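Same chain, two partners: chain A is paired with chain B first, then with chain C.
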Partner chain A sequence: MRVEYINPFVEAAYNIMTEVLQTEVERKDLYLKKTTQPVMGVAALVGLAGDVEGRVLIDMSQDSAIKIASTMNGEKLTSMDELAKATITELANMITAQAVTKLFDLGFKFDLTPPSIITGENMSVSDANVEALIVPLEMPQGLVEINVAIRERA
Partner chain B sequence: MKTTSDFPSINERTPDGQSNGGSAFKVLVVDDSMFVTKQIGQILSSEGFNVVGTAADGLEGVEKYKELYPNVDLVTMDITMPRMDGVSALEKIIEFDKDAKVVMISALGKQDLVKKALLIGAKNYIIKPLDRKKVLERVISVLK
Partner chain C sequence: MKHVSLKETKDQKGQTRIDFKMVTFTLAGKDYGIDIMKVKEISKASKFTFVPNAAPFVKGVYNLRGDIISVIDMRIFFNLKAEETEGDTENMIILRLDSHVISVIVDSIDKVVGISSEAIQPPHPLFGDINIKYISGVVENEGSLYVILDVERILGDEEPGDGRAQESRSTPSISSDAPFEARESTVPTTASAVKEDVDIGFIEETLITFLSFYSSPVNQEWIRSRFSSWKKQKGEDVQLGNVQDAEAYLSPFPSPFSGNYWNSDYAEKVTSFLPADNTGNFYVWNPGCESGYESYSVACLVKNRLPDVHLRIIAHDNDLIRISTAPGLVVNQASLGGLYDNFLTNGSRGKQFNKEIKDAILFEYHDITHDNTLPKLDMVVMRDTVSYIVPDKQQHIFNTLEEVMKPGGLLILGAHEQPINPGAWERLENSGVVAYKKK
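Our next item is the complex of A and B:
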């Protein structure tokens, strides 16, 4: 997978999270996974189909998701309730919208699915015939991984 | 030396959510995200606006507008929604009330749809992420 596909998502996630959480966000080193990978507990999933195809996962622990949703709502949330899910969905919406604008400017054309929120323990994700690039972002609310598996359509 | 008269009067300014006559502006919020609806509601209520209705898609938004009319001063309208999108809902609202004041709420990357909405008759737009200053500036510019 080409790094140019992940960079817009990482930049967008960095920009949006810095803005909505009003905090420092630290970008950690990118890594690559070819096989099945664990998912942390709350994952926002967006599918892409067009010139490029695949998916983007914005992955975090339930604890981090609740803390992020609490900051964004300006109130302490205690569980992954409907409001917390709507908040993480909106976060994923804003990140993908900004990233996709960049990819469209680079000349790629594709459609997106609305974000789905997946929650649970001991989950993993497998992608057939495409490796995933992962960039962890560290912030006071916890760790968020931007996990992108995209390939060009044959 | 400070005297008691140096204390500012905290109620001197009319909140931006009220007209010069002192009554609160009435707002309908149309958005499929519970988070965004709550966020817009909190920002507007804190400035004295009265959120008189919410709708979770365009179709419901048009119905609510007709129900509330003429007791509604402004609509905030999301663009991407299920059942009926915000641009189509805007079109229906303008058909019903050509003086309707609608502010579009959009994620980045929907410039073509925002332009279309402005041509149809939306009065302004706000790009997400929303913040208090941005929302109040745009909404007030439309109302005053």
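Our next item is the complex of A and C:
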């Protein structure tokens, strides 16, 4: 993954999480994962197109997702209901949009697809021939991984 | 299983000079050791083929990948209580003795322990369970006392046939030792060669531990030649006890101008391998580019020689910190030499490479042991990179190269590296600088 793309995603994820949750967010070490990776339980997906092709996946456990949605809504949610899903989807949208804005300032042009959310147990994701950059963020609500797999258009 | 052996030893490295390694195991709850040089491998097996009318300690024969070897149960051999392993697989140590390969069954196999041979003490005459003449010594290591068995005596030469072993169990000192003395005198010549192999083996293991440097056909020639100079320098104490030693051992390994811009002389020699004219696309892969010095050097030398090509350098590294600085790398030196002058501009933070060069290089945070998506390549610069990758991944990378490089494409490896499959490459040399051309 192109070096210039990394920072915008890390910064955007960190800024948005800190802002919406109003809490301490700890950045952990970034790393690369091979193509097929397990998904923790709730995955919000945003596609990217333009100079590049790929996608951003915001991945967390169901428990963390409910807690994060509760915090963002200012009310206690108990299950992964419509409101919780909409909230996580919006979170993914905010993070990706801010990253894309930062990238545009650096001269890269990306387009976004509308976010979608996938929930379930024992899921994994694979992307043909692209390795994914994982940005792990630890917060009181749990671990959230921003999983970015993009490549230059051939 | 064999690999367990050398790795385990590093724990002990710091304390003493390690010149003797043994595989340790237990028999009836006590610890024993066998010289690792006698051990071919370790394996688990069950269902041995029973041999009628054999001595009770002969468990049967076993088919080890096509070779039929006899299996001796050490516990019965030494009159020890066998642990109940009914229906279970047995732990076997397969021994390569002077005359034959034989397998022994033990209760459990522990690990490999490295010790100094000076620490071995002669067996005490009062030793009970096992006949003293089968014991070559006793050694203490990390709180455990190991009895080192002399397997040549126990199982070597004569078949561990009925007579001898039976004797050994009942009457302690009957059989003649003459044949063993004769054999011992022949050992030293081969032993020194073997010792050197063992020493190099340990060094290779240590380099993996301390510096993730993997010995393979890519660099083995260098490791061996380096060993002789290292031995001259260090005398008998050749082992690498710590990271500093390992770094010292590898200090002559890096290629010229690692972590810096190539000087004009070196760049010129590399340039001489490039085709004289070429237009259209020119793709270069530069895995392990670190902070990008190499990538910029290559970009400048290719652009200098082939100004009309559309140059694209794909530079990869899995060290995020280093590669993050690559796109904005500044030139601190007053002058880098004529080669670079045309490609530098003054930026806000000092001299930088111009847009033409910067646009030619794509720095990517990427682990090359994962899948590599690459265009057809004209050139690959991969100096001192594969040596730091596990050997089966090295193979994977060379396979990738053979797949994606154009015929006639140029491969630059580290100064002390060579391709895994030399048949696929034509070796070119220009006053000390070597390149490989794809056939």
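One rule holds in what follows: the second predicted complex is superposed on the first by the 153 of 154 C-alpha atoms of A that agree within 3 Å, B and C clash if a C-alpha of one lies under 4 Å from a C-alpha of the other, contacts with A are read in each partner's own complex, and residues count from 1 in each chain.
Everything that follows uses one rule, which is that a contact is a pair of C-beta atoms (placed from the backbone, for glycine too) under 8 Å apart; a residue touches a chain by one contact, two chains touch by 3 or more.
Quick caveat: nothing in here was measured; it's all calculated off a predicted structure.
Visitor: Given the alignment on chain A, is it a clash or a fit between chain B and chain C?
Guide: After superposition on chain A, chain B vs chain C: fit, no clash.
Visitor: Which of the two partners, first being chain B and second being chain C, lies in contact with A:Arg151: first, second, both, or neither?
Guide: second
Visitor: Return first, second, both or neither, reflecting whether A:Lys34 touches chain B, chain C, both chains, or no partner chain.
Guide: Touch status of A:Lys34: second partner only.
Visitor: Regarding the shared-chain residue A:Thr101, is it in contact with chain B (first), chain C (second), both, or neither?
Guide: Only chain B is touched by A:Thr101; chain C is not.
Visitor: With the two structures laid over each other on chain A, which partner does A:Ala43 touch: chain B (first), chain C (second), both, or neither?
Guide: neither
Visitor: Using the superposition on chain A described above, determine whether A:Ile6 touches chain B (first), chain C (second), both, or neither.
Guide: second
Visitor: Contact-wise, after the overlay, does A:Ile58 reach chain B, chain C, both or neither (first, second, both, neither)?
Guide: After superposing on A, A:Ile58 lies clear of both chain B and chain C.
Visitor: Under the stated touch criterion, which partner chain does A:Ile134 make contact with: chain B (first), chain C (second), both, or neither?
Guide: Neither partner.
Visitor: Between chain B and chain C, report the minimum C-alpha distance in the superposition, expressed in whole angstrom.
Guide: 25
Visitor: If I apply the document's touch criterion, which positions on chain A are contacted by chain B in one structure and by chain C in the other?
Guide: In the superposed arrangement, which is not itself an observed complex, chain A uses no residue for both chain B and chain C.
Visitor: Please output the residues of chain A touching chain B within their complex, sorted ascending.
Guide: 16, 19-20, 72-74, 82-83, 86-87, 89-90, 93-94, 97-98, 100-101, 104, 114
Visitor: Going by the contact rule at the top, pick out the chain A residues touching chain C in the complex.
Guide: 1-4, 6-7, 30, 32, 34-35, 129-131, 133, 151-152, 154
Visitor: With touch defined as at the start, can you tell me which chain B residues reach chain A in the complex?
Guide: Residues 33-36, 38-39, 42, 80, 107-110, 128-129.
Visitor: What residues on chain C touch chain A, complex-wise?
Guide: 318, 320, 323-324, 326-327, 362-367, 370-371, 373, 375
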